[in-house]
């Protein structure tokens, strides 16, 4: 295992210490692994809290700031945060207008946020939770854990954050978050596995000419293995899966997201392929993100996330955002 | 069985999950995200430390502190699930200074009920429930049949081992492993495996006492 | 070789096509591999042109935009652009106030930019070239190719770009570019090699517990090999080399740059170590960048770049910038 | 030697650098950035194509177009250097329809002068100069000594081969390899190797003609 770390069990807190040093706009509670905006709470504004396992940076801590999250809870590597952290974050960002919990749909995340919401309720903090589940690689069903939450989380955090910044109510912010989730689909591909520091070796092994299709963001193996193919064909496989679940139409917000170890030049090349696919299907990419936004440590690979925009959602997407990971408009 | 007995149990679990840490993590790597061993080692070590510091006079207070510590230290799916299991067991034991076999059986049934209520997993979905449910049933049955303590604990762990083993051919419908669909078949569920370890720790502590 | 590409010889142009689709603010001449701001030239403003081999993204194309570059020339993978490209870029951004060429100190880059400058001179376009050479891993000497240009390029492009935006003269812009270069030092470390698509295999091989110290940005082997060590020790080695060449003092602008395959969580952890080192040496990091800015394809590793700030340089650093790769202040 | 001869030479170089592409790239991987073979294959293939399209009646016009094409297609260090080399050689050949051995020798000397002026490399710095300089000297000397064409070309390539080989123990002081410092020792310089290939191509074309 080759990593720029001191010891596996210190990675998360030492990285948070680095974030604290790098971003004066954030207030980083390294001990409790809770990141808030400096000067939280914002009185009268709905507070947005998200969080999840570490190893997905810049998600979530890198999205704390004006126009996006108020707080992020960093769990251990690939392990959801605990209720105490979420409660602490909820208390710190409650400006009296209630708090939205943005939860990626994993059993652990759902259970821990749920417990935190109950604890917050005991303290009369109004909490609404939105569960993100956009991964079309996972068949949805009432009887299973359901779909994973992946790339849509970035869109939900940005758009709900923009609406909250405008002074909307908790119900309105929760509604737009749910709307973005419903309009968004994702699919991920791995060229290599990642290595969890405490595990010390790659979570799975791929042959030199093999790729994993339908992976999540925790180094879980995907749904199937396939031979390595040209980027154009891989992009088509990904887009076919998304298009089959939610037909592409109208103006789209598209993210070509790197899993952490894929160079930007490959992501741009892949975005070009995705753009051609979308155009070939009579839709149009009117907004985009190309880069590392929701990663899986050093994994090589990418995911595509597609959201069907309305004018309102586009405006909220364009609204100013000022976070370490996403920044424009002011 | 008094508070010392239950403290010894938690301490034994901490030791076992630490030694089995890599094994559990590798099971999780196959169908999950390679952290189950790390999660449980972190959690039960913290529980042992908490018990060493706090004053826990009754079996119930020992398991209550254990459950709360797991919930605040583990995270992931197993944290809330195991945490709730121990908290429910604690509530079942109440404030009694001692717990006899039937009381322990009721506590384990309460633990199972807590896990299934929270996680909504039923038998055969490839989760810790597939080890815990048969183990609890076998334990209660043995006691109802008037089995000796030794025999009752043997029934408990035999059923847990079998239950964990039986998860291998299952396709996961709950938890992270469910994302693999058919590819989850052929691997033992890490949570079922850790449940078996936890119950073995209970049996070992009990046999040491009687010995 | 595992890459998201279609064929090795198409990587650069297909990635540029993706950039064109992703960034309406840019005008991307895919055929000639020249990226300019949409609406170039800016009349009366000094034009900034840089360029180099591809594989370092976001450098240089990702730094074209308000407050930074006017044009970037993308060479083949790790191969400097040709004079025709540089001339074309120079012509397209000449707003009448002359053009600054920002050249990384590599024989190829220097020779090709030099030829382009001569051609531009034939057309009476005033060109001044600034050669960036900040890599302390390379001993400087009159008799050798001298030091490589690495991370300082990002600082030079940002700060000179900000001054040009304020309407400064070519001489003034060139002077501040040279000043930034003189005040900046870098050192890089590789945990893994990278693979040039056309070469098909890693440029060098490292054992599981080996790292390369003093690498450049083209997958060249470094000055020495060393055993893998904790991030704290690696950071100390890097900072010792920089500090020995230009003692740390006062307010510093520090970049902890990922080589392309290193996850952000490790970069933040490393920044934390660098920050402690700097504090321990009586200096202070008053501005920073943590992320992938000047990369070497999928290489795992990082470089640290340190610039001693003046108030003027700090103000220029803080000035608004709006490019795909760097964006703040408006 | 007429324009056809020189076109044949460039075409032969394009073929050789294409077949030796990986070899040159691997030499560059050892002490550079693994692109020398790719760069030259791209450049000389483009030159061959350009010559096929344009009308180049004289040896000088052939080499001038070759040099310009290399400059606008190769990039890197070798593009301007080889491009300048061919352009300088072209200028030396002027507009003559034919070039005899002494004229060719002067052209190669002009090429060398162009490379050293532009790149400022002197002997022993582990660059293409270490192959080109001795080769040009040996060629001119052989002609001055009244050697046969065959012998002169043999002298040219033998000296180039020796020169390229002699770069192995050198420490690079110019170009990308200089960044490696002492670690550049023990590897053949890719540009010296490609220079030898280019001169071998010249000899082969000449021997075919005389044959």
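Things to note:
So that you can tell them apart, the chains are marked A, B, C and D in the order they are listed, and the count of residues begins at 1 in each.
Convention: a contact is a pair of C-beta atoms (placed from the backbone, for glycine too) under 8 Å apart; a residue touches a chain by one contact, two chains touch by 3 or more.
This one's a predicted model, so the numbers in the text were calculated from it and none came from an experiment.
Taken together, chain A and chain B share no touching chain. For chain D, the chain whose average C-alpha position is most distant is B.
Inter-chain centre distance (chain B to chain C, centres taken as mean C-alpha positions): 55 Å. Distance from the chain A centre to the chain C centre is 29 Å, each centre being the mean of its Cα atoms. Between the CA-based centres of chain B and chain D the separation comes to 75 Å, rounded to the whole angstrom. Of all residues in chain B, none touches two or more other chains. Across the assembly, chain C contributes no residue in contact with two or more other chains. Taken as a graph of touching chains, this assembly forms an open line, each chain in contact only with its neighbours along the path. Chains that are in contact with each other form these pairs: A-B, A-C, C-D. Chain A meets chain B in the complex at residues 53, 75-84, 106-108, 111-112, 115, 135, 137-139, 143-145, 148, 196, 198-199, 203-204, 216, 218-221, 223-224.
Interface residues of chain A, counted against chain C in their complex, comprise 2-7, 11-12, 14-22, 54-55, 57-58, 62, 191-192, 208, 211, 228, 230-232, 234, 260-273, 275, 285, 288, 290, 292, 295, 297-298, 300, 302, 322, 327-328, 330. On the side of chain D, the complex with chain C involves touching residues 22, 25-26, 29, 31-35, 38-39, 42, 71-81, 118-119, 173-176, 178-181, 183.
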